[in-house]
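Each chain gets a letter, A, B, C and D, in the order it is written, and its residues are counted from 1.
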Amino acid sequence: MLDATAAGVYVIAVTPFHGDGRIDTASADRMVDFYRGCGVDGMTILGMMGEALKLETDEAIGFSRQVIKRCGTMPVIVGVSAPGFAAMRALARSVMDAGAAGVMIAPPGTVRTDDQVAGYFDQCVQTIGADVPFVIQDFPQASGVQIAPSVIRRIVAAHASCVMLKHEDWPGLEKVTAVRRLMEEGAMRRISTLCGNGGIFLDFETERGADGAMTGYAFPDMLVDIVKMQKAGERDRAHDLFDAHLPLMRYELQPGIGLAVRKHVLKLRGAIASDAQRAPGTSLSAIARSEVKYLLQRLARRDRRAAGLADDPPLKRSGHA
Amino acid sequence: MLDATAAGVYVIAVTPFHGDGRIDTASADRMVDFYRGCGVDGMTILGMMGEALKLETDEAIGFSRQVIKRCGTMPVIVGVSAPGFAAMRALARSVMDAGAAGVMIAPPGTVRTDDQVAGYFDQCVQTIGADVPFVIQDFPQASGVQIAPSVIRRIVAAHASCVMLKHEDWPGLEKVTAVRRLMEEGAMRRISTLCGNGGIFLDFETERGADGAMTGYAFPDMLVDIVKMQKAGERDRAHDLFDAHLPLMRYELQPGIGLAVRKHVLKLRGAIASDAQRAPGTSLSAIARSEVKYLLQRLARRDRRAAGLADDPPLKRSGHA
Amino acid sequence: MLDATAAGVYVIAVTPFHGDGRIDTASADRMVDFYRGCGVDGMTILGMMGEALKLETDEAIGFSRQVIKRCGTMPVIVGVSAPGFAAMRALARSVMDAGAAGVMIAPPGTVRTDDQVAGYFDQCVQTIGADVPFVIQDFPQASGVQIAPSVIRRIVAAHASCVMLKHEDWPGLEKVTAVRRLMEEGAMRRISTLCGNGGIFLDFETERGADGAMTGYAFPDMLVDIVKMQKAGERDRAHDLFDAHLPLMRYELQPGIGLAVRKHVLKLRGAIASDAQRAPGTSLSAIARSEVKYLLQRLARRDRRAAGLADDPPLKRSGHA
Amino acid sequence: MLDATAAGVYVIAVTPFHGDGRIDTASADRMVDFYRGCGVDGMTILGMMGEALKLETDEAIGFSRQVIKRCGTMPVIVGVSAPGFAAMRALARSVMDAGAAGVMIAPPGTVRTDDQVAGYFDQCVQTIGADVPFVIQDFPQASGVQIAPSVIRRIVAAHASCVMLKHEDWPGLEKVTAVRRLMEEGAMRRISTLCGNGGIFLDFETERGADGAMTGYAFPDMLVDIVKMQKAGERDRAHDLFDAHLPLMRYELQPGIGLAVRKHVLKLRGAIASDAQRAPGTSLSAIARSEVKYLLQRLARRDRRAAGLADDPPLKRSGHA
């Protein structure tokens, strides 16, 4: 079960599909093995970038079961944000029964005031049960909801089952600091703080006190290294590695086609068989594909992990996976 | 199957619950009988005011089946708006198999430009199948999406299965006129136009050319009468009846507690056993209940349908009209 | 100077224009006299329905000066909401110098959390000066900002110059009650509470404890009577009068054309010479004009104030103006 | 006067303030000289990052006059977006009289449908005059308005005075391509396309056909070089330079504190005397300042322009490059 000591990288997993839209179960296993090979500490599935809304409930549960089983002892967090509590309850119950480590919840855009935000999480806990560890997803750009540090404190104080903050109040370095300070001052119980935003602020987030990353950049092994290096005090080395990846990370962060970029690179890396998205999806134009190729070529000069990926055809890698 | 000649009143049905949150299936049947007794031409279930988001998929399908069966030959439209196409497909398929007459869809707030709106409905038709009659729900206040008359025309031109517009571009009398004009000029195939917004503009909407109402005001029999009177050219009588109800209609339209008012009155009228909402719901304060009571007392002086409803305890009514 | 004892009707004034877009200064005086004749207790100018954003700063100040002068001892509140503090400061300073009784401020949509709302008003007070009485405009439908009663309490506690709440958290009867309860319990200093929303809930708002209305319905004399009757305990009489006006009030509340309706009726009543709006404005279609005429005819049967207004040409009234 | 052949870098200028909030006119001149020394082709003032909303009208006009005069023959574009047309007209008229090359306009969030967007620009042209060259600012993240390429085409077709698109539909590489394609196919008159978004996609935007950049990154000389290198076909060199700056560019793009970062670096570079923002502003925490310092140190290793900036105290630089 997820607890407040969680740290490292919880990768936001994609959901692999066949070209015809069916879930690619073989790739689901392969993906888990790939992520594990990258050294991640856990996985988060059915997030926004996991095309969760395109799955029927049965599919979502089936996919969760498979991933959880394949992960074995590696913890799996499942996104259960839903427009209604019935769907949240059903999914949370099913995935916890299947062995999930916890669930992640973003509030809907209709909650606004501090009381409404705190009250919403009260209802969530009533819905999923006080024994289910949960993650607050703090992502104003997507949710429209701003959660003040004082409100995070209220939620944490009210619910022992709140064990993690997924921070992506873009970019919100100051918010990481504010939340950490509440913990250091004893004003708030310690919870795990993992950062999202595609990773593009991970270099400083780790320095500001975050416990790691929860994002799905196609080189999670790099995220793992950054967290380790920063923990080991190797600041310059961490930034060198980070800066080498930043041009691609930024490219992958593009609204609209970011997921297409991510799946494309994961396919090149051998993590999944197809980069297809279930409809309605996006795909990369020929120009965009050539731009990714160019970025991978440039990256390969500075990080061996990208070696061969931009070749035509890409080198079969015998590496991580 | 729903077609473009539909007219009259398609009542937006509530979903009856027991106090403990279970669906009240006995009340579901009673409610159908009540609405039928009110003279409605059809029913729309699982709309926003039907607490659709609080139902698990199986419940939504079970409830739909029951209502459709009880309705017999009376057409039932089912709301299938969903944040993802998988849920939309699953629900649409199930309810059409169960005998629904058609489905209703509101676009999500993320679609903005004319092309995006038209493209969204293209994807919907691909999702639910070109053989499933559908209703465009045009409700900018709730959806955030503005659909220009020219875009309605595009959707209608592209999809023979688009047979109805649920108009609630609050209040949008000019839009009713604009859409009707497109039809009269032959620029757009005729579709049915029913109006929502809690009914508070039905007096003029019917004069502007709308074919009727699709809303859930707790006196649907009054809506039926308005539509009939206007059709019969009895303008003053229609307005007299309408004006008598307007104070209560307006009270029922309050965001936040409107549904509580509606269910409360439906319970007083004997349509459902309990006015409970599934959590998270709202309930009427003592003051609000006394205000409704006062409005019902005043209404009773001008419309016999309200007679006895404000009594304490309310008169048991035999039949409802 | 405005203080927390203010009560009654502060009418939201229109800004009269000539057909060519120039401010109609003759009508500005005539309008003040008309409103005064209606028995209002004060005026609020440069609100959203006062086309404030269409005025250049010099025009806004000039118009304010004229109205304030004509009002004499009758207090004038000036809307100074602005996207930036510089414009707010400039306008507030000018109109207070010209003799305004206070200013009204709605927060911009970018402030969200409780701290942000409270902090915004802190900055406003810093901007306009702690000696300038101000009104919190609480209008989530227009501003996108939800202000919890506890936040209103914070603002009131922090700033002695906060003397009034313009409540239009549509419709928010429960909020009126919540705010009044804070005052009654001594948790919050008493401030004046006037209600907006076009007046369509004034019947119950006054019963819930509101001190009156701040809205611009074209029959402010009716609003005055409602407040007086309720104060005198004549509940049924108040509702009878209110209900007679509700069909027109509702018609005037239509987004998009509401102001055109209001100016049209004010012109019929002789309050202003032209119903022109400065571009970009809306105007009434022929159908809409005939609908208003019909509503006025119906109203005339129940309230003598509407007598003659629907005639063609309208009777010259020797009444208020 | 601005025309459709404009290309290169039009830097988004800051507005320099003294610590006490007064405009720092000496720095305004110094800043112009700095930007000119950076090799920019033009300047854009009173944009969102120019704290335009914090200026009173007279200040805005005075500042514009000073900058325009100091710029001499270098074209100056002035942002005139305003919530109302009166303010837009007044400002546009004044700055054009003072010698501005053109104005820039972003639509307000209330316009949604294609017709509304096109109609809004029709009204703008009526407001500012058909002889005033204008720039469409396409910035959905800030404005909430999505402008389809087909709508850009409509605006361009309707108004000869539309000469430029400021593209920042984040990041929208595909949109740059779509707009360029319309021009190449002859479906749309050629207009200048400059890109914003803090520059973080300039590497590919220039390859996609954009004519340059309109953004305010604190190293505009780098932007100038990127545009030149790409024009000269030096792709790798352009990306090398770009990648060296990306960590800082990304840091400067942070909502909330981005402007504080930008002004801080501009001060370090000697462009302005103080990094103060007029209230309500943000300032850099000690941690943030040290992060910027670290980024500058790292940058200095790859671009001599950053040399000395991170020293403590910073080296006095003679000239800026």
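The rule is simple: a contact is a pair of C-beta atoms (placed from the backbone, for glycine too) under 8 Å apart; a residue touches a chain by one contact, two chains touch by 3 or more.
Since this is a predicted model, take the numbers as computed values, not measurements.
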Counting only C-alpha atoms to place each centre, which chain is farthest from subunit B? D
Identify which chain pair among A-D, B-D or A-B reproduces the interface of C-D, meaning that over half of its contact pairs, matched by residue number, are the same. A-B
Using just the Cα atoms, superpose subunit A onto subunit D and tell me the rotation angle to the nearest 5°. 180
Can we say the copies subunit A and subunit B touch using the same residue numbers, with more than half in common, or are the two sides different? same
Using mean CA coordinates as chain centres, what's the gap between subunit B and subunit C in Å? 33
Distance from the CA centroid of subunit A to that of subunit B, rounded to the nearest Å? 40
Rounded Å distance, subunit A centre to subunit C centre (Cα mean): 49
By the touch rule stated above, which residues of subunit D touch at least two different other chains? none
Can the chain contact pattern be summarised as a line, a ring, a star, a complete graph, or none of these (other)? complete
Within the complex, subunit D is touched by subunit B residues 112-116, 145-148, 150-151
Subunit B contacts subunit C in the complex at 170-171, 173-174, 177, 200-201, 203-204, 207-208, 239, 242-243, 246-247, 250, 254-257, 285, 287-288, 291, 294, 298
Residue positions on subunit A within touch of subunit B in the complex are 52-57, 59, 82-87, 89-90, 123, 126, 278-280
